[in-house]
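Chain nomenclature is as follows: A, B, C, D, E, F, G, H, I and J, assigned in order of appearance, with residue numbering initiated at 1 for each chain independently.
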Amino acid sequence: MLFHVRMNVNLPHNLPQAEAADILAREKAYSQELQNSGKWRHIWRLAGQYANYSIFDVSDNAELHAILSGLPLFKFMEIEVTPLLRHPSSIRDNDS
Amino acid sequence: MLFHVRMNVNLPHNLPQAEAADILAREKAYSQELQNSGKWRHIWRLAGQYANYSIFDVSDNAELHAILSGLPLFKFMEIEVTPLLRHPSSIRDNDS
Amino acid sequence: MLFHVRMNVNLPHNLPQAEAADILAREKAYSQELQNSGKWRHIWRLAGQYANYSIFDVSDNAELHAILSGLPLFKFMEIEVTPLLRHPSSIRDNDS
Amino acid sequence: MLFHVRMNVNLPHNLPQAEAADILAREKAYSQELQNSGKWRHIWRLAGQYANYSIFDVSDNAELHAILSGLPLFKFMEIEVTPLLRHPSSIRDNDS
Amino acid sequence: MLFHVRMNVNLPHNLPQAEAADILAREKAYSQELQNSGKWRHIWRLAGQYANYSIFDVSDNAELHAILSGLPLFKFMEIEVTPLLRHPSSIRDNDS
Amino acid sequence: MLFHVRMNVNLPHNLPQAEAADILAREKAYSQELQNSGKWRHIWRLAGQYANYSIFDVSDNAELHAILSGLPLFKFMEIEVTPLLRHPSSIRDNDS
Amino acid sequence: MLFHVRMNVNLPHNLPQAEAADILAREKAYSQELQNSGKWRHIWRLAGQYANYSIFDVSDNAELHAILSGLPLFKFMEIEVTPLLRHPSSIRDNDS
Amino acid sequence: MLFHVRMNVNLPHNLPQAEAADILAREKAYSQELQNSGKWRHIWRLAGQYANYSIFDVSDNAELHAILSGLPLFKFMEIEVTPLLRHPSSIRDNDS
Amino acid sequence: MLFHVRMNVNLPHNLPQAEAADILAREKAYSQELQNSGKWRHIWRLAGQYANYSIFDVSDNAELHAILSGLPLFKFMEIEVTPLLRHPSSIRDNDS
Amino acid sequence: MLFHVRMNVNLPHNLPQAEAADILAREKAYSQELQNSGKWRHIWRLAGQYANYSIFDVSDNAELHAILSGLPLFKFMEIEVTPLLRHPSSIRDNDS
């Protein structure tokens, strides 16, 4: 089941650089592990923004929340979730 | 080059049914032709909305505009465009 | 899987009264059938508004969309969908 | 009498961890006591958000305010209240 | 129990004058009857606006909705409802 | 002359408790003195909000501003002012 | 007593030209009469907008409303009213 | 050439009192000098707000910016600029 | 003196095609004449929108308004005006 | 390929003056280097705002993002990006 997620990152200006670097490294590893598992299907950077659009493929709402609330950057993010489904004009069989 | 596009459709209530059916049929054909060409990479329905999120892969802004303004539903749509690029955490080589 | 849905109804002022009555009767029957099936778990009126908050229990996003887009009032509604899950402080076992 | 309440939690980033843990433990106990009493009828987590939708069943506006302003997290919350009533299409006898 | 209500009136420009006059006369009679009963405690015009702020004193949410949805102008109004209670700094004994 | 005022209070989280208590005590005394004088005609708490709706009866805009800017909580408040007048449907002789 | 008023004009596209011309002529005469009386102190066009900023000098809120609701264009306008007073840095003696 | 400017002041709560007093004294002197020169034509306080509406009469956009960015309070202000011109209904010869 | 202008076009769906074509032809001629004169310095289409960003170089606010209100599409447009000036980091001598 | 970019700068009040001066000097040098290269085609100050409108001419979305995220002020900016193309009424051959 697909979800569209927009994540905006707002790092506090006074966050110590070492702490920021540590969070960002963990964020990247976390994201790539989920991409490799197939649950985080797409991630795109928005030009000029510290933000991304992502597509998740999870079994239910609870799994989506577990993934998002586990993000190392979660407490610095503003997140918008939109449930998706196959579009009737899509040429694909499934909802991907 | 990728673009994220949100399209909201607002059909007037008093649009004659035959005219609506004709527009929608042309819209579907137009969309599927562009999907087959690889320029309209993804299209998803938003649950509960007469709206879609789409990803386009075009050569430049002008081609994107030519495609969108050519949509049979164009004059009934509200459209938001966001330029995308490869995210630094993406596991893919290209920007898809 | 639970979803929170807000529906605002905007009937055009010039809708013929017989047509409006017919739509509303079909809307009520449609809603009650889904309530009896267990898929439309709650429906509440907002005081002073031609609007409702509802809770749906469906198997996935596609089923939610099929139900909402099948509403006789669908084309006169503004709809907002929010995916829900069990709250960690809830005293209930499941997500209801 | 039913009320729909949305609560968004905004914990300051620099809140000491022990203080945060204490507030959250008291918040959970407070919520569960009210759920057991029947006054806090439902609480759901919004997927991807540090937020909940809740339904309260109280005798009047003053009781609702006493409950909400007594929340240990109250000063860190943004709260929206909507008075509800039985929907004319509801299959239930009371307003629940 | 008190409620604060804002009503904005949007009469369609092409409403026949006789129909408008009839609705407004019924609206005034309806309002004054409720003011005399004590349920519609205050009504004020906002300077420069076709709008009012009102205070209602009703037994519950359902009675408030019955009153508001019974307004002859209801279908031409945008309405906002806010539940009120006695303020801790108020010098009055009750919540009025 | 009547004015409708909405006041939202935003106390900083790190305001020392003694300072907060002092401000709140002065705020209450200030408000009650003005209520007793008849200039602050009504004050209601909004359910679930650290906010109030108030009605002031003052001789002109300047007096209203003098009262509001003299509030001990003024620098922590967001304030909205709406000039009121007697509604043509009101059953009262004056604008109260 | 001074008030700042913003008026936005939204003439329906299908308003017959003769009717529009008549309303506009009456609007201009009405405005100039009030300017001559000293009650409509200033009126400025906003560049690129069918809108004006105006300053009124009236005895109270009721007089302001009587003037504004008497505008021939009133039912085609969106109006915002802000009560003004002498600024403490002003070099003028009165509030003008 | 006239411009309408709205200035909202947001002084940080923890600004040392002596520093605030110094800025405000310089702001007042700066404003009065410009009022005396005829460039700052009007300044009004908004009732209940730490804000003003002002009218400037300057030779061009650059001069307006030089004046506004030179305000001692500039870095604590939110500013909105609207270019004005003579209204066709104005009884004055020039654009004042 | 430079101004940044955003124009959004909203043609009514039921505008007769011949009338629309006539307006658009006059709009294009009007725009090109002003571009040739140097007053309409730039005009760009926004991708996916029936809208443009334009830069005007005029002698004052009144000339800008005369140009904009003379647009054949004026009554179908939503327009936003922002006064510009030379940026201190610009490598150009004048404000272009 | 052209992009319209709005940049709003929000420097924290407590940023040490030397640090601010250093960032601003690097920002100016960075901007002028890009203007000289032809990639940053225009930059204008908005009157009364710590903000600019800019036009970039880059090969793709990724280059635009590289430039913007490399701005010394990037973490203090709010940025909006709009893809542009040649307007059909433009008298220029290319999209500039």
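List of remarks:
What we mean here is this: a residue touches a chain if its C-beta (ideal position, glycine included) is under 8 Å from a C-beta of that chain, and two chains touch if they have at least 3 such contacts.
What you see is a predicted model; the values in this text were computed from it and never measured.
For D-F, the equivalent interface among the listed pairs A-B, H-J or A-C is H-J, as over half of the contact pairs agree by residue number. Chain J has its Cα centroid 44 Å from the Cα centroid of chain F.
Per-chain CA centroids place chain D at a distance of 51 Å from chain I. Distance between chain centres (mean CA atoms), chain C to chain D: 22 Å. In chain B, the positions touching at least two other chains are 2-3, 45-47, 61-62, 64-65, 81-86, 95.
Going by the touch rule set out above, the chain pairs that meet are A-B, A-C, A-D, A-J, B-C, B-I, B-J, C-D, C-E, D-E, D-F, E-F, E-G, F-G, F-H, G-H, G-I, H-I, H-J, I-J. For chain B in complex with chain A, the touching residues are 2, 4, 27-28, 31-32, 35-36, 43-47, 52-53, 82-91, 95. Taken in their complex, chain E has these residues touching chain C: 3, 5, 12, 61-62, 64-65, 68-69, 75-76, 79-81.
Residues 1-3, 60-62, 64-65, 81-86, 95 of chain B are the ones touching chain J in the complex.
Remark: chain G residues 11, 13, 45-50 touch chain I in the complex.
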